[in-house]
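Each chain gets a letter, A, B, C and D, in the order it is written, and its residues are counted from 1.
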């Protein structure tokens, strides 16, 4: 239930982010016992490289606290879509915060918005949509993979978000978004291998007063076909873009400052001994606070194609 | 003649870079007189925003010197391909140093190399090829536009580079690189709207012992077709890339450091007057040497596609 | 569908150019380059309508003719693309035979200007230009398109009126003068909203020293109408910059959940509270300054400089700013669910004052265009141990032209996204 | 066509993986992951030939089997692509019916290992893997390709032997350990060559504190064989790093136009020249240290530590390093046509010593991975008035996958190009 709104203390059943380090975070469920593979109910112990955590011990603890592990410690954080995206069980390739942020911005999602999403995938983007549109909007999310749809539905419920979302198992490319959704959406988001097939369905789902459209495609050819479809149906403000986030790794660098002036002086045997002792002394160091990118960066996530459906386009 | 090798003093007939500022450079010919539109021989006076330069006065001057203008001054620099690229008369869209550097590197151009280029365009890249391959190599450069080919030929001669280059007026897509060039090239460079049409000609021009290939295309579709052609003919190591150079504009930024601590103290009428005087004093400033990109950067120049022709591929 | 009303901020769009404009009175005009548009006919028309610019008079100005236009609501039929009208078909294979000697256009510029006075329809003008161009039909389709686009832009006579949204405004502000919104680019703005977790639930703290109201507007927009979330918006000036907030035309209940207060003044209230009360009230006077849109000086205003929105209420009780300070102080005592900072001042001392007001396990987001500054702040925060999961990021964003056989990234891109320093507070 | 000889450095390529290796003796072996290759059959074969890896024996190692291979020159026919061999055609429309439960492959890893011992042909192994994969034929073509590529990589049994070039070496060095070449990326290297104007004419000055010889090699490569240009290569260690220079196998006359000298020692020679002579010679001794490839300590070496390449000549005259210092000092007196610097030390004092050695109107190029450092150097140079047209630049480089219906930028890119500070000297 820890996704609905900010809360201060861990309650039983909450998803909790166990923060070990910048590169090591885990989403765990704050329940005192779990059922093991043999069907036995056992104490819920979570293993980390810094030792184990008896999960019961964190129930009632304030979020943001430090908790002790058997060989170290960790922080417990309240989950939110950013932290969830970094810790969720990947069922598919997922979209990350930089692209998602642009999607939410361009789709103008705010409380009250009705959004149609396909596919649900791992539910990473869905959590962002839900944060942005609750408590007064609704998300309709579709996946053609039945197990994924079921898992997502269950997950949203456990996260306290069930009231704001409907999960559908459906092949939208062939079958569309169901006629109940005709003309209800403020925004449609597609992450499909053939987005062009779903563009006419998106067109139908958007409100008569118009709305915004987004398709996320890894390949340029998908975007090209999608745009052809959008133009045919009268979409405007068609715009494709890429967003790549660069992390700066901050470090202090020390550079030796070397003296070359003394080389201009004759090296008498007396002066020589002084030089030699000099050369062995630790040289002057100049410190710089600087940063660089990691050696390998994400070079591509996907092309984002946005468009506007203007108001009053007949949908005959 | 000032492009052949490093020289120290300006001689009559040299092209000279008149450097006014980072954004204002001009290539001028160091001749004392010019012929005006009416056919009269007049003194060569070059006008700048900082006044005029009597060009005769710079002949014999050392490169790198400061020269006086009627309302200011400028520096005279020896031209090289970088400075020439920034000052040359644009007859076509040109390629700039970051892409060119990658082209030279990937084509492995060094003294002695035989390079085939199409099209010549404004001759910007040609000057780089010539610097890299002289004095022992040769450039064969083609343009379908007759006036451009003539201009380029004339320019290379005046720049002292005539011995190392042959300029052809020819439609290479349809007619190829002439049979004299079969099997002579270490490297072929294409900057054509339909590079795929010239790929078979490039294949023929490359040495039997193999060589390197590059095509520069603004559009991805051209690159796609070019690559199809390369694959068919047995080229390997096919690789497409983009290089974008970012300039950092360096500046010192001063940030006021504000004091908020005093707000915790009660504001007695006495203390108050002190506060007020404080507020009017210049605040503490912290200085940062920092940099940012210009607001607008080149976002795209072209896609560079490189490939290797392996040795001993039969050219039947 | 919403209709255009007096007092509204409107977005005027002419092709890709957009402008934010206040429709303050029936006499209001908008200026787009050399064109002056009378706005009165917009009244009560639905948003997203398109209007035709009809020349009323033309005056010689410093840089060519200044034209006064009335606006006429137009039908969809009038909006066929100019390319359709001209129906260009013949297209050379390449541009080998074009020489650019400046003589390709047979019409003189005086002819064109005259023609423009005579017939106001851009498609006609362009048709004539094309007829008189010696090289047009020998150009490649690509170069024809470029030519038409350039001409269309100059002579296009339709405008669309749109309702301001955050999306439209950040584009306008960033294009017109990025400095006025502290260089916050669209991708960065979108990430500030994500990382800070602004939504319909919670209580948020923002410090900004001048973004034309864009940051508070974006946060209010994400907080939504008819929700319980609240925003305390601290600023260093006498009055907050509010243009973008006003342009959104939010319901009053939503507007009132944004409490804009002066940084110094509200901190004094927070630190000293009741002790302060008697002193401040007696100090009050009525001198007001209206520079709401202008960047105000970032010094602590003495109480007497404060703007009194409701001077008629003066005799009845404490001034509005004092009430706002008290509302803010109450929220400060309860602590916030995230902190967003975009300071023109050095962030350290501000962060030191505001960080204790944030609950544990909550995001903080600090924006700056100066990387060196955030590197230093990163080190400072790291040393305190009060914040974890620190990241310093920036973005690379590029738009694409996707057209048949002409797909490539746009040749220009924006160079600076600014930098975000993000992290989570600890207990 | 050049043939492979003893003593050559060779580039071994297995698919996209490349490695620089010295073919020092007939017993030499090269290690590619778990595969050990005997090199002796390469002798006298032409470069660019492809060889088949033939398993001779297989030993259990810490991380799986270590295999010893001999190499057999192979025909073009053997190089048909594995994809052709398998001739995959049936392809699912998408991956909706695949569940990733780890049970898709019916073969156990022990089976695969066994199969690998038995039949050495990767195409056979992959064929078997595909046959036994329950999901292969239901995958999309895209995902089939990915699968095949992954398997191909693991079992591919051919290597190609190539002659080292700057292009191949910068790729290898940057991929293996970018720090060993000071983080100089291919785009940056290419621009160092352009901006410094290195070519067949002129006299150049380089200071670098360790790039495996890449910078001097790239400059020598651009200076060319049978030209008159010269390079003075200053370094802070006892001996210069030279691997990349040696790998190029340049003609002797070309090698000799690169004069590698110790920074301190050559400056002393330059400043004090003749005065020095008598003192130095007497100080000389014969203790040598051979750590040519290793990064040497960047302190001024005392003369006795110097490597004496030709110790047999000791009795006949001054040591080689002293002769090189004298040759360099002569060129320093004549001044240089450009300056390239890539220092691990603070560049200011070095620049102060070297800048006066550059003729006016000549390019200088300073490389660093630390932007803050170059910002400072920019300001310092600007203040001297000795250099103009200063630019601080970096690059963004990305490679593309261009395949039918699957065109997109590669998902990984290199984050750091490093920074170049460039300018032109003034009189």
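Going forward, contacts are C-beta pairs under 8 Å (C-beta built on N, C-alpha and C of every residue); 3 or more make two chains touch, one makes a residue touch a chain.
Everything numeric in this text was worked out from a predicted model, so none of it was measured.
Visitor: Please identify each chain that touches chain A as well as chain C.
Guide: Touches both chain A and chain C: nothing.
Visitor: Could you work out which chain's C-alpha centre is the most distant one from the centre of chain C?
Guide: D
Visitor: With contacts counted as defined, which of the two, B-D or B-C, has more C-beta pairs across the interface?
Guide: B-D
Visitor: Just how far, in Å, is the C-alpha centre of chain D from the one of chain B?
Guide: 26
Visitor: For chain A and chain B, what's the span in angstrom between their mean Cα positions?
Guide: About 41 Å separates the centre of chain A from that of chain B.
Visitor: How far is the middle of chain A from the middle of chain D, if each middle is the mean of its Cα atoms, in Å?
Guide: 37
Visitor: What positions in chain C touch 2 or more of the other chains?
Guide: As it turns out, chain C has residues touching two or more other chains at 371-372, 396, 398-399, 407.
Visitor: Indicate the residues of chain A shared as contacts by at least two other chains.
Guide: In chain A, residues 220, 242, 246, 289-290, 303 touch at least two other chains, as defined above.
Visitor: Quick check of your reading of the touch definition: is the inter-chain graph here a line, ring, star, complete or other?
Guide: ring
Visitor: Throw together a list of every chain pair that touches.
Guide: A-C, A-D, B-C, B-D
Visitor: Can you list the chain C residues touching chain A in their complex?
Guide: Chain C reaches chain A through residues 1, 46, 48, 165-167, 186-187, 189-191, 193-195, 197, 199-202, 221-227, 337, 359-363, 371-372, 375-376, 378-379, 388-400, 402, 404, 407, 419, 424-427.
Visitor: Where on chain B is chain D touching in the complex?
Guide: The contact residues of chain B facing chain D are 4-6, 8, 19, 22, 62-66, 75-78, 80-82, 97-98, 100-102, 104-106, 108, 110-112, 128, 131-132, 134-136, 209-210, 220, 223-224, 227, 239-248, 250, 289-291, 303, 305, 310-311.
Visitor: Which residues of chain D touch chain A in their complex?
Guide: Spelled out, the residues of chain D in touch with chain A are 94, 96, 99, 140, 178, 236, 263-264, 267-268, 271-272, 275-276, 279, 298-300, 302, 344-346, 348-350, 352-353, 369-373, 398-399, 404-416.
Visitor: Using the touch definition from the top, list the residues of chain A that touch chain D in their complex.
Guide: Against chain D, chain A makes touches at 144-145, 147, 193, 218-222, 242, 246, 253, 255-261, 263-264, 266-267, 276, 279-280, 286, 288-290, 292-303.
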